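After this come two complexes, each holding subunit A, first together with subunit B and then together with subunit C.
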Partner chain A sequence: MFGLGLKKKNRIDLRDTPVPEGHHLLEVNDLKMYFHTQDGVVKAVNGVSYTLDRGETLGVVGESGSGKSVTSLTIMGLIPMPPGKVEGGDVLYRGKSLLDMSEDELESIRGNDIAMIFQDPMTSLNPVYTIGRQLSEGMRLHKGMSKKDAMARSVELLKMVGIPNAEQRVKEYPHEFSGGMRQRVMIAMALACDPDILIADEPTTALDVTIQAQIIELMQELQQKNGNAIIMITHDLGVVADIADKIMVMYAGQPVEFGTRDEIFYNPIHPYTWGLNRSIPEPAIDEKHPLTPIKGNPPSLVDLPEGCAFAPRCPYATERCRKEMPKVYTTKTGHYSKCHYSADEAFVRANAPETSRTKAQRIVELKGDM
Partner chain B sequence: MTNSNILLRVEHLCKEFPVDSGFIAKRRGTARSVHAVNDVSFDIAEGETFGLVGESGCGKSTTGRCIMRLIEPTSGKVLFKGNDVASMNKKELKDMRREMQFVFQDPYASLNPRMTIGEIVSEPLVIHNVMPKKDERIEFVRGLLDVVGLNPEHINRYPHEFSGGQRQRVGIARAFALRPKLIICDEPVSALDVSIQAQVLNLLSDLQQEYGTAYLFIAHDLSVVQHISDRVAVMYLGNMMEYSDWRSLYAEPCHPYTQSLLSAVPIPDPDIQHSRKRIILRGDPPSPIDPPSGCPFHTRCPIAQAKCSQERPELREISKGHFCACHYAEPNPIKKSSVEL
Partner chain C sequence: MIKYIAKRIVQFIPVFLGVTLILFVLQNVVPGDPIKLIAGEKKLDEQTEISLRAAYHLIETDENGEPVFDENGNTIETPMWKRYIQYITGLLHGDLGRSYQQNGKPVAEILAEKYPYTIKLALVAIVIESIIGIAAGMISAIKRYSAWDIGVTTVTSALVAMPAFWFGMLQQLFWGIFLKNVTGGAFYLPISGAGGPHAEFQDWAYYMLPALTLAAVSTAYTARIMRSQLLEVLNQDYIRTARAKGLSRKAVIFRHALKNALIPVVTYIGMDFGGMLAGAILTETVFNWPGVGFETYRAITQRDWPIVLGSVTVIVVVVMVINLVVDVSYAFLDPRIRFDGSKSE
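Coming up: the complex of A and B.
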């Protein structure tokens, strides 16, 4: 990450190759990444699938340790192997497998076609180089820009992410920037080569809400301008409600539910998604509703339950759930869920939480009855 | 609220931390300081939950630590049950701490890794010599563990054998061991997943119902604070900007900072999130070493006027029990000042 060796490579710019017929910009198929550790095999990513197109934003939510970061780091080819090992599945970018690529090929993709904003901004900026030098590095490497051009573009990028006095600030070091500004530098760095896909791993978790709002607004503006896809990893369902087109809900290394934003918020069909929903304090105006937490704790990824991974905490779990791993149930629209009972409409109707839409509906019906 | 049931009163509390306290700076008279808490006043009634919100570094924890006298305030008064905390001698301070406990943010760092959870929870009982008989103490601690939803059989286990949420329960059991009148909860759920956060919030509510404990609940998450608090205060750069009962603070925020904070919290409901008005503040919060003149918020305020950079606004009562420190605050001006996006 920190190397500044500027070797010229025979660059392949996959970004300019059209997405082949029948493919998506990014396709993740049943991806499995396990860590082989002293304590046993950690099934960190255990069958993740989704597709993403240009201009789209995928939100990834779920419990801490559920494999959100590892999934994206696997796509970027940034998991050390060993201890990591891809145990199955594939990742296709514009129809080409990223898992089959050589380190050289991957390097030309990383930061160029697919860029990532890491969870911790301080450790991802090198303290001994100026901000300008770090911003220029990628552009010189991937675009073959001259030092001068790259520096001029760096100033432009800093201005774009709202850093005042950019001509001066490119010459400064990371410690001279506040947390919010460092995060904006990370975004500028990720955007330096106009990536096709921007992966943002909790880009605003360490920031205050007023700064978070600025950063999210910025990412949306740039997406509108460049048409890039975004993968937004967060634990904040509010952020996801704000910007995601599609949402993947993860639990214990697996996506337990995947669908459009409306499907996940207004028609969720997995008990874990329901549980998450009921755990968030809702903005109340006159009356507070008690929270309904999910009981218990997430399972160890070394020693997963035999049946459904959520069964030990699921209020609806049956004997079948504890014995038999649920299959993926997919609706006509591509909305999918990993629960034995997601296909059972009566079960879903009886147990899904009330949403603002169902509530409005209920009130209309109530009035109709009177 | 009648005067008689006021448990804690904070009057004009200030805390400065010296920076570049070196010899030369002192000689030159250029020694600067962090104005962490600046003229903060509020009170907490028995059994009440008083929420303190604000962005990182605004002085929430420092306020809590001054109240317990874990650090000495620079000026101002803290009165617990009418007694001045600053003038208490060692014995009086010890007695006060029996009735005032702390729950910390980090469930990993705040528990001694070399003590079993039984020892951790019973430590306050030992320090205050409340239950001298060991058998009796162990029975009591087992009962407490049960109350906070931990398995009493795990009394001899060590903190590292528990998850974050479970450790926070250990911290809460310990804080409740002496049945205190006030618990200062400093970001007790910030490090937890939402599904676990809800468990801990419910536990705190249940325990309050049962024992009538008052909470000073410090957090940066506005929806969490709204959920748990009776009254809520908003801090910015060491200053109290606004406080009120939770209903009027959230429904009718008067201070432009509170308004922008509330409008910046994304609501987990796409229909609502996409249709509401938002105020996006520009710029970063200023440094507490060199705070702005006049109103501390004027550098980012969307409605600031010339007066704001010259005169510090006092907290004034806008409507009954609703206080706000802004020259131009009026009840519910959000509709006028919000920026359409």
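Coming up: the complex of A and C.
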């Protein structure tokens, strides 16, 4: 009675159009997404910019409420508007603006070109339909597959994500799967139409550590095979250290630092990134070097400080930081930071935490002494 | 599944015995002698009175139904426990006893005459309730805070607060009297009775007002449950997952949200249907509808206890069966329900 909407008039097919000259696969330019609520305007995403190419992995890190998920949901067009409203900026996919697209056009992109894995596998599957039916849905919609073909492909997908006895499992319901299994199903679902861009919103947060590693490996394997781009949203620096090519550090809805993995881990230039670095547990030298947390809490997104959003918690904050919003400082390599003092090499050298590399050296020396 | 149904049917037995026992005792403790009731103003001669008491199993009789006398030549009153056993034995043979009035017509026969009217009315009402209730609830949820939503919420609040008999009388006033006066008798609806070969209207017209009245409160509840359930379901993570797959809003609502939201609504409608089959005493009385509800009301006011007892007994069975059907239908809507006694998660 209610079809999938296969006969949609405004389907667009961007997948096979090459990325236009001078553009990237995905470009986010100064994106601003505000929520208009009764308490005021929540500036959930406030000037996010990055680019992403095929085969690349972008890690987005930050505390809860820093705007990581909202950025991705905005790209997907899944933010309910109102209360949400795009207040500025643009998102270009293969040179075409996603924000200007009609709902019909977006529907042909969603799940097909850009797919998303959600955070909570326990609640992200519909309890009343079988796994196979939920997996098939996207393929029937986007690829026009028959019920039978889509079901056969669903079995393949389940096998691919390592679910044993897939022929049988495909007929089962979500409640018959464990959390790790359901997350695999979510991944299979996101990969069903071989998306160009896979957005993974904390895909391993709900899972135990052994499963986490398996899921991440799986995503990497599939990326190597399909050449898709991945946006990995997480608050776990360990995860991004493993797989990200580029890392964006977000704070209070803004990117505070963006660079390659090496730049963020070995040569960070923003005090917030330093703080994150210092709070990574260091098993080898635990007792002598307790973790240094970043004191305080993130600011309310309704009532942001006048100057730098991080100033109230920053140990190096000056009067200037509290009064004046810092401009973006970009290095030659495209590494950027939103701090008044990032350009000051002496300041960075004096205050940056020792990087993993120097740390590793010291550990070796330390162990040598014992 | 079959094991579960069998278990539920076995559970009917104690409920059934309990309800009939309570009613039987109540019937016997209320003051008044049924035989005097039957006689009314007339004085019965002793012979007739004794044969009546024998016929209603109030005194001990022999195998031929002739009264037994003690050594003083008096009749022997049958103890209550013995009469209860006789009643239950009768029930198992389809004998619900005989009315104290209506020339001692068997209760089963009276109920068999009345039940079709109640069933037909309940069916019409449940169709109205399902269609209007579910549709109104859905529109209300999908167009939340719109004029539609405000309209549905206001009307349902008013209907829920209105007693059925008063709403019925208002309808009679409007459709039957006001409309008749305004249109000069050209258009109006019958306000009582159930039609028949010599009736003024065609049969369907007689269903309109009682069915609307009977369905009113339940329709309002159905709409409210549907609205809140759909709103809740639309906020679930799996709805976002479906949207992220590229499904349109309409496909998401009809394919993913509706089935989940309907589970509690179906329960409510099913239970409500059971209630309607029990006979809507208020509605049937207001509209002189010749169903079991009206008959029960009449029997209560005239102390015709066998009819009260008989109709309640039938109602108990009907409600228990409907509830079982509702419970079993769960399994078709919600795969998490399994009849090994637990809801797995």
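One rule holds in what follows: the second predicted complex is superposed on the first by the 342 of 370 C-alpha atoms of A that agree within 3 Å, B and C clash if a C-alpha of one lies under 4 Å from a C-alpha of the other, contacts with A are read in each partner's own complex, and residues count from 1 in each chain.
Quick note on the criterion: a residue touches a chain if its C-beta (ideal position, glycine included) is under 8 Å from a C-beta of that chain, and two chains touch if they have at least 3 such contacts.
All of these numbers come straight from a predicted model, not from anything done at the bench.
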Check whether subunit B or subunit C contacts more residues of subunit A in the superposed model. B
When the two structures are overlaid on chain A, which partner does A:Arg261 contact: first (subunit B), second (subunit C), both, or neither? first
Considering only touches as defined above, state whether A:Ile294 meets subunit B (first), subunit C (second), both or neither. first
In the overlay, answer first, second, both or neither for which of subunit B and subunit C A:Thr333 touches. neither
Regarding the shared-chain residue A:Ala241, is it in contact with subunit B (first), subunit C (second), both, or neither? first
For A:Asn165, decide between first (touching subunit B), second (touching subunit C), both and neither. neither
Using the superposition described at the top, list the residues of subunit A that contact subunit B and also contact subunit C. none
Seen from subunit C, its contact residues with subunit A in the complex are 236-238, 240-251, 254-256, 259-260, 333-336, 344-345
Contacting residues of subunit A [partner subunit C, same complex]: 1-5, 8, 76, 78, 103-104, 107-112, 115-116, 118, 120, 123-130, 137-138, 141-142, 173, 175, 186, 189
Quick check: in the complex, which residue numbers of subunit A touch subunit B? 63-64, 162, 178-181, 208-214, 216-217, 235-242, 261-262, 265, 275-286, 288, 290-295, 297-298, 355-357
Contact residues on subunit B for subunit A in the complex? 55-56, 163, 165-166, 193-199, 201-202, 205, 220, 222-224, 226-227, 247, 250-251, 260-261, 264-274, 278, 280-282, 284-285
